[in-house]
Every structure is written in C-alpha cells, then in structure tokens.
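In the two complexes that follow, chain A is the common piece, with chain B as its partner first and chain C second.
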Partner chain A sequence: MNSPPHPPRQALPTHGTTLTPQAFRTLQAMALGGLLVLVLGWFYSPLRIWSNLLVVAYYLVTLALGGALFLALTYVTGAGWHVAFRRIPEAMASLVPKTGIAILVVLALRMNQYGWQLHAGAPEGTDAGTYWFKQLWLDPPFWMARAAIYVLLWSVLALSLVAFSRRQDRLNPQELPRAIGSMKWSVRLSALFLVVYSITFSLASVDWIMALEPMWFSTMWGVYQFAGMIQATLAAIVIVGLLLRRPGRLLYGIFRTDHLHDLGKLLLGFSCFWMYIWFSQFMLIWYTNIPEETSYYIARMHGPWGPVVLVSVLLNWIIPFFVLLPKPCKRSEHVMMKVAVVVLIGRWVDLTVMVFPSTVGKLPVLGIWEISGACCMIGIFGLLFFKALTKSAPAPKNDPYYGESLSYHCS
Partner chain B sequence: MTDRHLLATFDYEEDLLAATDEVRHQGYRIVDAYTPYAVHGLDRAMGLRPSRLTWVCFLCGLTGALVALWFQHWTAATSWPLDVGGKPWNSLPSDVPVTFEMMVLLAGFGSVFALLGVSRLYPGKHARTPSIRVTNDQFVLVLDEAGSDFNLPSLVKLLEKHHVQNIEERLSADQASCCE
Partner chain C sequence: MAKPLDTKLPTPLREPQIRPPQIRPPLVEGDKSLGDVTRDICKPLEATPTGLWYAALCVSLTALILGVTAVTYQIATGIGTWGLNKTVGWAFDITNFVFWVGIGHAGTLISAVLFLFRQRWRTAVNRSAEAMTLFAVMCAGLFPLIHMGRPWLAFWMAPYPNTRGPLWVNFKSPLLWDVFAISTYLMISAVFWYIGLLPDLATIRDRSLPGLRKKLTGLLCLGWNGSARTWHRYETVYLLLAGLATPLVFSVHSIVSMDFATGVIPGWHTTIFPPYFVAGAIFSGLAMVLTLMLVARKTMRLEQYITPLHIDRMCRLMLAMGSIVGLAYATEFFMAAYSGNPYEQFVFKNRALGPMRWAYWTMVCCNVVIPQLLWFRAVRSKLALVFVLSIVVNIGMWFERFVIIVTSLHRDFLPSSWAHYTPTIVEVATLVGSFGLFFTCFLLFCRVAPVIAMAEVKGVMGFRRPAPERDTQETAA
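Then we have the complex of A and B:
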C-alpha cells in the first residue's frame, strides 16, 4: 500500500481554506433553522423538544470533551504520530466552554426532570438503604451546582491544554529547545486532566442521563459513556481531517493516509470496545434478572424501541467492525468517510435510546423535531469548530514530534 | 535461482532502504534483507506481497466463534438441556462470553503458529544470519546472481552510490556459515 506522496515540508501551504462559502451558509442555515424549529416546538411539546435539546447538547459537549481526551491520552502516552493534525482535536477541545454552557442551559430548562419521582417517596419494592442518598444527591440546587463545577473544571483544563500547544507556535527558531520544556507541562496537565475527567465525567453522565430514571442504576454507566464518546470523537476527527486534506484546504499535505490508517485502527478498536461495554452492562442485568435493574432494558428491548436498539448496535459496531477489518479499507478515503458518518449517526441513535424512553415514552419518534435537532447540532458544531480551527496556525510546526508525524510509516 | 549470492552490507537504515528500492527497480532479484530491528517501509522497498496472515487470523477467529457457539448450544440446549434461572435453554446472551474468548484464543494461536510455520521457526532453531553484526548495527541485503542481465560492475556502482560498506559473494549454502 503506497500512500500518496505528500509535498515536502517547505512547500506546505500556510493559509489554506477550511470550507467553501456555500458550505458555511449551509451550516448557518442548518444551525439557525434547526434552532428556530426547536424553539417553536417548545410550545407544541416541551418534553419532546427538551429531550432533543438534551441529546444535542450532550452530544456536543462529549465531542468537545473527546477532543481534550484525545489530546491528553496522546500526551501522556508520548505519542508523536498525531502531531501533524493535532489542531483538529485542539479545535474540538477549545469548544468545551461553549458546549458546556449549552448543556447547563438545557439542564436548567427542566431541572425537575431529574429526580422528581423522588419527592413522592420511595416506590414500593425499592431499596430504602440507598433511597435517602439518591434524594440527597439529586437535590436540584446541589445537582445543578455540580454540573457547573464539572463544566468549569473541564473548561479550564481543556483550554490550558490548547493554550500550551499554541504557545509553541510563537517560539523563535533559536528558542525551539524550549518547546520540549513546554511539552513536559502539557504531559503533567494531561495526567491531571485524565484523573479529573474520569471522575467528573462518570458523575456527569450519571447526573445528566442515568438520573432520568432515578431508581435505576448501572455501575458500568460511566465506562459505557466513555466508550461512545471516544468512538464518536475519532469519527469526527476522521471526517474533518478528510475534508481539510483536499487540495487547497488547511491540512493539504499535512493529514496523511498513514494518519487515516491509524485513526481507522483506533476507530475499529473503540467500536469493539463500545460493543464490549454495551454487552457487559446488558448481560450482567439480563443474567441476574432483578426487577429494579431490568426496568431500563425492558423499556428499551421489549416493544417498539427494540428495533432501534438493534439499529444502534448495527451502526456502532457491526458496520464499523466488518468494514474496517481489511487494511485497504482503513486507508481508503471513501470507506473511512462513510464509516465515520455511520458511527456518528450511531452515536445519535445510541443517545436517543438512552434518553427518549425515559422522557417521551414507549413509542420511538422520528419527526421534524428530531431532524431539526440533528441539523442544529451539525450546524452549530461545524460553525464553532471551523471558526476555532482558524485561530491558530494549521499545524504545530514547532512541536518536537512534528517531523516524525509527517514522515512515519504505518503498516 | 543460482547458488551464488551477493551480500551487500550497509551502515544505515536509509542507505539500505534506498538501495533495496533501486536494486529492485533495476530488475535484480532480492533474496532477503537482514536488519537489527524492524525497518519501516522495507517490505514496500523489497516489493513483498501483503501478508496473508490476516486471513489466517480471521478464519481461525471465525472457526473459534462458530465452534464455541455450536458446542454451548449442544451441551446446554440439545444434549442435556440446562435450566438456569428459568431462562430458555438456547439463551444466546449467555453464550457470548465463551464465544468471544474462543474466537480470541483461536485467532491468536492460529496467527502465531501460522507465522512460526511459514517462517519455519521452532524452539532451539539455529539462527541463520549472514553476519553476527546484523543483530547489532549492520544492515545486509542479499541478492541472487541469477538472470542474463545480472551485471556485476553496474550493480557495484549502484550499491556504492548508496554507501555500501562491503560486498561479498557467497554460495547460498554457506550464507549462514559465519555464525555456526
């Protein structure tokens, strides 16, 4: 497999474009149109609109946080392969504050959706031993304050990671040895981020999604959310990387087929990881068959939501796994683009299956509100992302691993 | 195929890669290349076919999964139906962990043993290296002196362009003699 030759380093364009003006206008129309329809829909059915808003905001904040997670993982593992296209996850990570505020607003819109059942007292047959704690933990002021703290911590850490990397760009050639020193701080910050992230994100996913059904619980919830998040993040990186590597674009000659291949391997791996975790959570509950645990799956697998669950498994694992197994597929632009789109749709279906049966009810819905929500999400993410991308040089040229990332062979 | 081999020794990985690529494009036959570590891109320079090991791995994994599924179904639902917590005998979710493990086990063992078999490796096998230094700091390219267009002077010139350190002719039977 020969990768297409990339132009030599000195010939790299420094100011390529990101998107065509038409694409920008389309994204604007999607974001504004989607948002407008959702606002109008609030008068029609607040609960259904709110469920859509929650899916959209949670999807966006996990994509942004996923960018920061990708950066932190690559820093602490001393990776060099991704450096050339590191501005993609950095632009995603720089969106953590904005998407964080979005989810805080959405949560504040229907704070009582969480734990309102608790005010009526413990339902019959539930464990009174944990009931007092749930009542305390899901108390609205405490719950909202926690959400704000999560978003604040993620924002500070993600923005610092991005700022450390952009600081390298301003170094003069004779100061380059200092780039290594600044990387040490990035590694330390990443380690801190990973610890903070793993605790706060588990709690946040429990607070924001699992608490929609406060009497149900799963100890695998945090890792399940992590699996979906990193999988969608990789798919998003693949899509924007492929868009930006076309001739004349920002990452032309920088985003190489070897990068695509390695991202494909990670996407294949994390698709399997998502399935593994999904099944582990399901099987433990299926095997023990305790009513207070099975309620989640009975609502989703016995009845009209059943086929939707199968679709989420098809999109998130079966298609990515079997399509990405052969090496030529991971190096093919067309195949990778399609699989990444499938995975992002699968993520949306997965989140819908988590949220909608608890709020909207027994019947799966797919109407103008859901489509507007998805359009609004793509539009907002596209606009914010490509704007964030142009705020720095297209590639971290002063990074010690930059040369390695441009020339390594992946096989 | 003749029994006479030409051994070209290089000091640097880049020289070996460039020389291998050019030698192959000039039509000389490459027997093998010896390096102290895995040199990225050498398979491409030597013009090796893509590995077929992936297919062995896939088919072994598939076999493992199918055998495990069939065996569990036969033991728990056909031959001696087991009632576990009132669940149906042919409950698929309970079969998944063993199926997964058997798939991984057979895919892993299949790949390793296929690799050992194809490369004719076994415990205690004597190393066949043209020089002891290919395990440390030297790179050796072995060429076959076959073909009517084998032209020693032009080949030597080509190798010298890539900073060859030493050129040596050996009978193929003696290739590994230095280390024995």
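Then we have the complex of A and C:
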C-alpha cells in the first residue's frame, strides 16, 4: 500500500507559458476599456450600469467560488482523476477574495435597491405583522454586514484549500505517507467548506439576487444558483484546460483527453441538473398559479423577455445536452471548446434574466454597456486567473493521486 | 441439491499473478483469489438454509399475513376502517407509499449513479441494493392500489381507448405521472438488475451439477459464454442502462414530490420539493441498505467483501444526504418567515409547536441531529452503532413524510374544520404487512441469487494485465 504511485511515463515539461503576450494585451485592453466605458456610463444611466456591474461581479465571484467548490467536492469524494489539472480550479479559488471585494463594492453602491422601504410596506389586505422578518432581514446595515461575512468566510476557506495544496509541493516526493497525511487535512477542510458554503451561498443568492424583487420568494432559489454556478465553473475549467494544453503551454502533456472526456460528462450532467432545477421551479409555480409567486415569471415570460428566457434554456441545456451526448464529442477539443463557450454565454444570459427585469425594466437591452460589462468581466478574470496560475508549480506532482490522474483510463 | 464442482487447477492457472501497487485501500479483504470469491459468494446458495434464515422467514411471513388480513378486511369493509376524516384525507397510506418509493432510491443510486462516477466500492453492495429497490417499489405500488378501495379496477389508470365513455385518465394530474414514473422505474430497475446478474448466473450454471438448477440458470443467463465479445456487449449495455437509470433516480421522487407541491396547501406547495425529496429518498434508501447489509454480512459471513470501508463510504453518503435534507428543512422555515405569507408561517409554526410537534421533533432528531455523529470516524467504524443509526434514520424518514402530509392538512384554512388524526389498527397492520412483504422477498432473494455481484467484485480486486503503453497526450478522436 505504501509503494510509490505510478511514475509518469514520459518526462513532462516543467515550464510552459500561460498566454502569449498578445493575448495578455488583449485581455488588458478588454478589462480597461470595459471598465472605462462602464465608469463613463454611470453618469448616463446608473441603474443600467449597476445592473451590469452586479451581473459581472456575481458571475466572477461564483466562478471563483465554483473553483473552490470543485476542489472541495473532489477532496471529499476521494477523487484522483482531476489531480493533474487541479491547479486550474485552485487558481480560480484563489480569486475568491478579490472577486468578493468586487461584489461588496457593487452591492454597497446601491444598497437601497434591495430595500424593503422602496416597496411601501405590506400589500393591501395582509397582516403587516407577518412581514417583520423580511423587514429585519433586508435592513441595509444588517444585509451589508452579512455580505461581508459571507465573503470573509469564503475567502478564508478557499485560500486555505489552495494553501494546503501548494504546501504539498514542498514535500519530498518519496514521502508518500506525509503526502497522504496532508491530503487528510485537505479533506477535512473541504468538508467544512461544503457545510459553510451550502448555508452561506444559499443565503447570499437570496440576499443579492432574489431580494431584487423583495416580494417574491422561492425555496428552490439556492439550488438553482448552485446549478448554474457549477455548470459555468466546469465550462471555465474546460476552456482554460484546452488553452493550456497546447504545445509549449503550461499544461502540455498534463491535461489529457481523458480529463476532457470526464469534464465533458460532468458538464453534460450538470447541464441536465440545471434544466431539472429550472423546470421544477418554473413548473411548480406555473401549475399552482398563485399570484405572489407568478409575478417573477410573468415579468420574464410574458412580453419581450420571453425569447431571452428561451435562449437561456437553449444555451444552458439544449445545446450542451444534444452536442455532448456522443462520446467522440466529449473527447474533441473543438467541440468541447465551443460547448463550453456556449455554456458560459448561457450563464450570462441566465443571470441577465434574473437581474435586469427587476432593475432595468420590461424591455431586454443589449447595448454598449452590456457588451462592455462582458468584456470587462472576461478581461479581469483572465488577467487575475493567469496571474494566479503562475504562482505555483503547474501540477501538484507530490499528490498521491497524481500518477493515477495521468494514467487512468476513461471509458 | 447440486454440489459445487471443486476445481483443482494448478496454481498458475488459478490466479493471475499481476497486482500493481495500490494507494487506495483494497476493497476485498483476506487476500482472496478469484476462485475464493466464487466459492464464498455461492456458498449460501448451495447449502441448506440455516435456522436463523428460517426464523427470519417465519417472522416476516407472519408480518405479511397480518398485512394481508388487514388489507382483506379493509377492502371488504371500506376505507372507513382507516382513521381518515374530512380534513385529513391523506395520511398513513400515502406516507407509507412515499416511504417505500424512497427506500428504493439507494439501489439505483448505487448501481447507476455511482457506476458512472467510477465508485468501485459499489460492487459489494449494488446487487442487494438493486434487489431492495425492486421490492421496495413493489411495496410502494401496493398502497395506491389499496387506497382505491376497489383494486380490481386498477387497470383504469392505464390510458387506453375504452368503452367507459370513453373515459380518459387525467393527464394533468401528478398522480397519473406517478403511475408512469413508478412503472418505468420498476421496469428499468428490473432490467438493470437482471442484466447485471447475467455473468453470475453463468457462474452458477457452470458450478452446478446437471439438474434443475443448471437448466434454469442456463436458460436465464441467455447463453453466456464468457467470450471477449460477450463481455464487450454486456459492458456496453450496462453502461447504457446506467445512463438511462440515472435520470430515473431524479425523476421518480421528483414526481412523487409533485403530488404535494402542485397543490396550493401551505407546507405542500414549495418549489424546493423535487430535489429535497430526491435527497431524502437516497438518505432513507441508504439507511435501509445499511440496515440489511450489516445483518447480511454477519449472517452470511461476507465480512471480507462488505468491509468496514464499504460501511464507511455509505455512512459518508448518508451524512451528505442527511445534511442536504437538513438544509432543505432550514430553507423551508427561512422562506416561510421571509415570504411574509401568514399561512406559510402558520403551517411551520404549527409543525414545530402545534399538537403534532412530537412527530416534527422526532423527524428533526432522527434525520438531522443524530446523523451528525457520522462526522466522526470512531462512530462510522463501530458497526453496531452504525446499525442503530441506520434504523434511527429509517424511523426519521418515515416521520418526515408523515409530518409533511398530516401536519399540513390537519389545521387547514378554516379553523372550524381543524381535526386530529390517529391511525387505526388496520392502518398499522398494513404498514407492518408491507415490511413483511419486503423482508420476505429479500430473504427469498438471498436464497436464489448471489447477494454480491461476483463478476464485478472480481473486477475491482486489482488483478489485471499490464496496461498497454498510453501516450499521455493523445490526439483528439
């Protein structure tokens, strides 16, 4: 049992590049340009810019948190297949503090958007006494303090997960028992992360997105947010993995086609999960037709937002499901790249549908502000991510499962 | 009774010699050879049953007879023999239905979902978990039939052109979706179970002396010859069926949850119900698998196949599912408070503090509080403690359904119609009878089929040919 793991069959390159200087410059231009347009736009249409900023910041923080979630889930399940490319989710997870601060700033900019006071008390004919909890919960200082606590907890746990993994790199490769011992602590930390995450993220998604319509509620909301988050995280890992496995790049010879295949299976599965959750929430509200609950879907499905909702279903489920069903597609770089991009766009559309109808209004908008928001998001994430990636060795070679990850066979 | 052929092969032929080093702990203990696996697992099938088995069968048959008597009396007399009233129109019967459907879910999870996730430890428990699925779904199916009062008209649930009007079933009703979901589930589970049995049936055929057993197993194993082509086809079919069965893990209990969630009753109508019910179903199913497997491994001497490692893995899964269920309870409470809807708030206050609070707190203790002990390895490794915990979870999950169904109904919108519900002896006897049916079926299953998937266990013992050299960076297909 204590014999060393399978050695990699060929000498692997230890140094590789992440992105070409040209790509770096493009990302910089996107981030700066996007941000500049958004800042200028603030004077023109603050609400619309703020909605864009919220979508961008929420997208970024959930991607970063998704990296930590991927790490935690793989640790607690004792997975070994992903170890070779584990630096990708780790680099994502290390962005939790920065993206967390971004969303805190965005939230602080328009705290009153969530305000109970905007909605003039309890509706006609109801007992105002039943609303005391909502009043308390959406009280701006308490609401903002909670947001800070969520971000703080996520940051501490995500950074610790990353630090534990990087500590492995400093171990002597011959000391398997110590590597296994260090992994045990990662597993414990991951379990703690999962408990904290499941509670705080459900609440955060209610606080930040659902409370944009303070009168509406759905118990499914946290699960719905989790589904979208993990789906987008997988798509992001696929894209980065494919970029970095090109000859001469950081993960050349490390990110295998078997990894791609397994990520494809997970992406297929979680696309279906997203659709399942989306449909369950929609169908139950549609079927019972209770006015307090239908308000959310009436704003989104009757009128010009309707087609946008259909597009989000197309991008998040129909395309990934039908394209990824055959095995060759999940092993094909081109197909997987396209599907992952489609899913990430789908996530953006999905978030837009959640936020915009309750802030900007009845008409879907797609103009320079939205495009700049998306550009800014890609630029910032790309720059931060690739910078984080170079802070550690390209692969966790001292992990006990590293050999397994390089040699397993995915059927 | 056919006796096994004692294969005296020279050692080099008996077992392959290559076992690559492993970091992960072994799944089978006791340094077994492949032949040992066959011998150990076929032993209970080839020997006469023990006294313990007969005793267990007597107890479960007694329970079954009690149930049959109660149901006969109820059908002869009418549903009035139950404790239902105008306010509580659904109670014990539907609770048992949901409980049994839930029990079935661990089987499909272990056999299909964990197969897709390459969880190799599943091989020791998947066969019996799948068998439990079949029996549990059978038990579940009985309750709606009994509730009809005139079960001989059950075929009216099938949608077909008829001479009754024509009178069609109500496609808009989730109760009809249940009929489709559960019958699909039963069929796919049965096919999956049977396909998985094929190589083992062939093993039994090859071990049996000429006689009835050899003929039967020969017929049932569909001419299995163990060739590479047979294995290839078998594995393809198995993978496809696993892919088909996986959505069923979600769909069946989601649809069962919609029986309630499509209603407008506070406490029933809430959007989280589908995934919450699925998690609860897997939770209760795992508890039942643990209860039975802990007994089976002792009485059938399978300790080296169902090891503390397997128990530990199932405990972890159970802890995860239990925590999801706990989170769902908390979410429901939070949303009721947040919604500002007085009816929602009343229902949840009534659950926790009303006249049926004992049922609610039993549920919370059994499903959320006590299972937290499973965080500790010391608890997971004490099998007696795990056994007790698994029974506690079974009780808790039964109460969960009871709480959801009865406490949401018994104090409805009109205080003048508030009522209480107490089950009658007939209802309790029917529940006992369903346990009798379940255990009788399981005991018979232990006698006619290998309780552990031999072929699959052999595949995870670490014997293998050296893998061909693979390029670490292959080109895309």
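In the analysis below, the second predicted complex is superposed on the first by the 387 of 411 C-alpha atoms of A that agree within 3 Å, B and C clash if a C-alpha of one lies under 4 Å from a C-alpha of the other, contacts with A are read in each partner's own complex, and residues count from 1 in each chain.
The criterion applied here is as follows: a contact is a pair of C-beta atoms (placed from the backbone, for glycine too) under 8 Å apart; a residue touches a chain by one contact, two chains touch by 3 or more.
The structure presented is a predicted model; accordingly, all values stated were derived computationally and were not measured.
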| Will chain C clash with chain B on chain A after the two structures are superposed, or do they fit? | clash
| task | Identify the partner contact of A:T219: answer first if only chain B is touched, second if only chain C is, both if each is, neither if none is. | result | second
| request: Check the residue A:P326 against both partner chains and state whether it touches chain B (first), chain C (second), both, or neither. | output: first
| First (chain B), second (chain C), both or neither touched by A:Y287 | both
| said: Once chain A of both complexes is superposed, is A:V313 in touch with chain B (first), chain C (second), both, or neither? | reply: neither
| query | For A:R256, is the partner it touches chain B (first), chain C (second), both, or none of the two (neither)? | reply | second
| Per-residue contact with chain A, leading partner among chain C and chain B | C
| field | First (chain B), second (chain C), both or neither touched by A:R245 | value | second
| First (chain B), second (chain C), both or neither: which does A:I277 touch? | second
| message | Output check: A:H409 vs chain B and chain C. Expected answer is one of first, second, both, neither. What do you get? | response | both
| message | Going by the contact rule set out at the top, does A:A299 touch chain B (first), chain C (second), both, or neither? | response | neither
| What part of chain A is shared between its chain B contacts and its chain C contacts? | 1, 283, 287, 409, 411
| note | So, in the complex, the side of chain A touching chain B is made of residues 1-2, 279, 282-283, 286-287, 289, 325-327, 408-409, 411
| message | Give the list of chain B residues in touch with chain A in this complex. | response | 40-41, 43-44, 50, 54, 58, 85, 87, 93-94, 96-97
| said: If we count contacts the way the header does, which residues on chain A are in touch with chain C in the complex? | reply: 1, 3-6, 8-10, 12, 76-78, 80-81, 122, 126-127, 130-131, 133-134, 137, 176, 180, 191, 195, 198-199, 202, 206, 215, 217-223, 245, 252-254, 256-257, 265, 272, 276-277, 280-281, 283-285, 287-288, 290, 292, 328, 331-334, 400-401, 404, 406-407, 409, 411
| So in the complex, which bits of chain C are touching chain A? | 20-26, 116-118, 239, 247, 250, 254, 258, 261-264, 269-275, 316, 323-324, 327-328, 330-332, 335, 337-342, 345, 375, 467, 469-470, 472-477
